[in-house]
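Below is one structure. I have some questions about it.
Each chain gets a letter, A, B and C, in the order it is written, and its residues are counted from 1.
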Amino acid sequence: MTWETVIGLETHVELATKTKIFCSCTTEFGGAPNTHCCPVCTGMPGTLPVVNRQVVRFAAKAGLALNCEITRYNKFDRKNYFYPDLPKAYQVSQLYLPIARNGRVPIKTESVEKDIRIHELHMEEDAGKLVHDPWIDQTKCDYNRCGVPLIEIVTEPDFRSADEVIAYLEKLKSTLEYLGVSDCKMQEGSLRCDVNLSVRPAGSTELGTRTEMKNLNSFKAISRAIEYEARRQIELIEEGKRVVQETRRWDDNKDATFSMRSKENAQDYRYFPEPDIPPLELSQEYLEQLRAEQPEMAEARKARYQEQYGLPEYDAGILTSQKALVDFFEETVALGAPAKEVSNWMLGDMMRRLKDEELEPKDMKLTPANLAKLIKLIADGKINRNTAAKVFRAIFPDNADAEEYVKAHGLEQVNDAGLVAQVVEKVFAANEAAVADYRAGNQKVMGFLVGQVMKELKGKADPKAVNQAVREKLGG
Amino acid sequence: MKITTEMVDYISVLSRLKLPQEEKEKMTGELEQIIAYMDTLNALDTSGVEPMSHVFPVKNVLREDQVVPSFDRAELLKNAPKADEEAFLVPKTVE
Amino acid sequence: MNEILNLTALQLGEAIRKGEVSPVEAARAALERIEATKSDNAFVALTAQAALQRAEEVGKKIAAGELTGPLAGVPLGIKDNICTRGVSTTCASKILTGFEPPYDATLVEKLNALGAVSLGKLNMDEFAMGSTTETSFYGPTHNPWDAGRVPGGSSGGAAAAVAARSCWYAIGSDTGGSIRQPAAYCGVTGIKPTYGTVSRYGLIAYASSLDQMGPLARDAADCAAVLDAVMGKDPRDGTSLDVPAGNLLAGLTGDVRGMKIGIPADCFGDGLDPEVKKSVLAVADVLRARGAEIVEFTFPVMEYVVPTYYIIAAAEASSNLSRFDGVKYGWRAEGYEDLTDLYNRTRTEGFGSEVKRRILLGTFVLSSGYYDAYYKKALQVKGLIKNAFDDAFGKCDLMLTPVAPTTAPKMGESLSDPLQMYLSDIYTVSVNLAGLPGLSMPCGFDSKGMPIGAQLIGPALGEAKVLNAAHAFQLDTDYHKQSPVGKEAR
């Protein structure tokens, strides 16, 4: 019997707005418990929610980018349940009229190209954090994250493998990051995934009983959880047992899912329209403007880089993997630097520096203008590549001006042919044995001679010119 | 419609109320009476009528995305029945 | 009793501005009166020291010309479901014992800005659920006209305090008649303005789509002055309307010539006490004598207003009151074993039975399987009710109805039959459902000497019309000038 795994995803994404969805507290990550709070987000009596304009904007942008139909007249609803991380004992969400519906995300894996259908995308508020303190045997309620704006994206059960899920999540991440609506960092909790999984005999069209998996904190965990749970369900069915519809918690250490018995399985949330928030009506003009603001997305941009700049697919892929890189690249090119040059610097020296300093591209101090200057210095022959690499390393941390740095450190390339010739003479004179070696047929010695000349010139000569001069002197 | 104590139990769990038996029975009777009165609405033909949540056509009430300094934590925790200097405290929550 | 207590709020304000009376003197007089009428139990929290201090500060500012409004220096009482910073705000419930909000309601901020002097918090039905102020955790308030009778509810403390001359005006809240009905039972004037015209930020919510705060005072002019001070858009309340504020007092001309007063026959049928009916209808005569026209029509939707109201109010209340769980503020039960037990005990012991009844009712009508038949249905009927009012206001400028089927009942008579009590809200709840302005004013007394109130309902944003008609009525009658002072049956 061959089995098919059927998967649907519910993804919560934190929106990168400055303030919370219903109050003006900061959404900044971290902070001591309960220091990013106010009476509204702590659910004090008499307080009322007021919607953050930017949340609607970001959610609508996300919906458009995921090819959804925007529900132009949409509203909020209350989802009622008791838990200490929910100060009002209801979460304001959207059930009846979510802001976006019926979208699709094209994905490509090694074995398949398909569309994943988006059932709906809606806005909602995040809950707080509960931390158990074993010393006092009490759970501490921290409401800093209460009210942080989220969009929840629910797919149809269109996935058939972990690979497809990962491909979708990468596409989703890239899309949302390009739009600037979220930084989508799973490790920081700004992208969270719950996986709904069931199995069925291959070829069947009926859906099996599904379980929901939570606590998946990395793409790797998601893959492993999918594999584990599919296997678990198949084994159960093959043993003649039934799969229980329940929520299961993934345990990274044990590499397995466990039933969350405490979760009430059929919760009656008593959704009703939120009376404190008037409905939203998004005009055609508003949506047109959002569409117009949508940047060229990763796929299209990657293809364009290959065509327009002749960049290899791999390079284009890395550059377009993050909006901050794309922005940097395009700005530098716009200042006149050749695309391939820029690409090489970015993929080589820049990536190395970013990795070593554990820096995000968007937090980099180096500016496109400065890199463009550096590239121009090379192009104008003012410095050679070796020098340039050193200069790059030096100016990267604080964006010290490339030109000024070169001047201040006397790193200008020696372009005086006469001086080069002089030094070549000197080196040849001091290394008669090596010269003889070359004449005897040892070609590699040329490199040594070139190296000696460069050393004399303190590395500031144009290697090509030195090579040329040495070659000429050797009579080859 | 008939309201049973089982139904009252169900809605009690949802609303975190736990009435003692006698009170529950009394409440069941009262609720049945009240809900029977609510059933008079069934006499009205409301087919095609939009449910009206908001009485005036107010829309799009939005606020700028500007940070306002948060409240002093001590003020927020001051009224809590049980708290330390950092957070509200509750008995252990089951995950 | 100090004679100044018989002045209206505006009269006192003027006397203060002229330097004839100081705010401290006024506050002192009120505090003495409150002490003298202590058995009424109108106030649940008296902030005497703070009031006197504030009266002094305000007095200085008025003398310096910094505060010039008509209500500067005039002492008032505030219903205990309205957040007052650093001052206990309990909604007359055990579950909020000791709660001192770290913020003022927007309305309170506005009153503070104009130099109002708060004397303290007023008694009410627990969480504003009730029609008699008998469900208060702090014991009932007594009607100053007859201590054996209720003052009405849920703003019973507010109505009683104004009637007994313990303060010059009060701020109450009205979700299904809670300003208007106690005003009628206590012989004072009260108005619930159009939904959204007064910010709800800081009003502890009962039913979010129906709640509004409003004044209770000696007459329509005082009410107009208070509304002028507190109406207006509030960025902290998404449902607040962008309306110009400050023109109501100036608009009281008393001129009602050509105004069409609508009388819905369905509000004057069976179930209405004949003395009440007579007095209310007589209002039409007074207004007619001033040039108004009377229009009669049917208003059959009245039959459905009470169930519609209770479904919606209970549903919203069941959600709004979920936050009271012993975690963040208020009272927490003892002896709990775990989190669920904490919630169950706190809420079961912390809420009174009327509140629990409404929470259960509300939970039921929202629950899976019943939502469509009850909550959704009620929202549809609400739409029909609004349409019915819109139609009616195509035929008239204002509607005249009773406020309650009877005058104030005796204490202890109402709570045994909750459904019966709900039915008595029939004249007032429709106004909240449609979001319209509704005013209650004294229009007579019954054979027991108890006040009778008449209700004027206006179209949306029609508080000017409503107040003006009330003002006109009060120019030609003196029911609103009667007080129980000296007549108390103690």
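By our rule, a residue touches a chain if its C-beta (ideal position, glycine included) is under 8 Å from a C-beta of that chain, and two chains touch if they have at least 3 such contacts.
As the structure is a computational prediction, the values presented were derived from the model and not from experiment.
With centres taken as mean CA coordinates, the chain nearest to the overall protein centre is B. Between the chains B-C lie more C-beta contact pairs than between any other two chains. The greatest centre-to-centre gap from chain B, using C-alpha centroids, is found for A.
Mean C-alpha position of chain B lies 23 Å from that of chain C. Each chain gets a centre from the mean of its Cα atoms; for chain A and chain B, those two points are 40 Å apart.
Averaging Cα coordinates per chain places chain A and chain C 55 Å apart. Taken residue by residue, chain C touches two or more other chains at 99, 101-102, 209, 235, 238-239, 318, 322, 325, 327-329, 339, 343, 363, 367, whereas all remaining positions touch fewer. Those residues of chain A in touch with two or more other chains are numbered 39, 42, 44, 50-51, 80, 82, 84, 141, 268, 270, 275, 277-278.
Within chain B, contacts with two or more other chains are made by residues 14, 16, 53-54, 58, 61, 63, 71, 76, 82, 88, 90-94. Taken in their complex, chain C has these residues touching chain B: 98-102, 195-196, 209, 235, 238-239, 241, 303-304, 306-308, 310-311, 318, 322, 325-332, 336-340, 342-345, 347-348, 351, 353, 356-357, 359-361, 363-365, 367, 373-374, 376-384, 386, 418-419, 422, 433-435, 460. Those residues of chain A that touch chain C in the shared complex are 39, 42-51, 78, 80, 82, 84, 87-90, 141, 268, 270-272, 275-278.
The touching residues of chain B, counted against chain A in their complex, run 14, 16, 53-54, 58-68, 70-71, 73, 76-77, 82, 84, 86-95.
Touching chain A in their complex are the following residues of chain C: 82-83, 89, 91, 96, 99, 101-103, 105, 200-205, 207-209, 235-239, 315-316, 318-319, 322-325, 327-329, 339, 343, 363, 366-368, 371, 375. Chain B contributes residues 3, 7-8, 10-12, 14-19, 23, 27, 30-31, 33-35, 37-38, 40-42, 44, 46, 49-56, 58, 61, 63, 71, 75-76, 78-82, 88, 90-94 to its touches with chain C in the complex.
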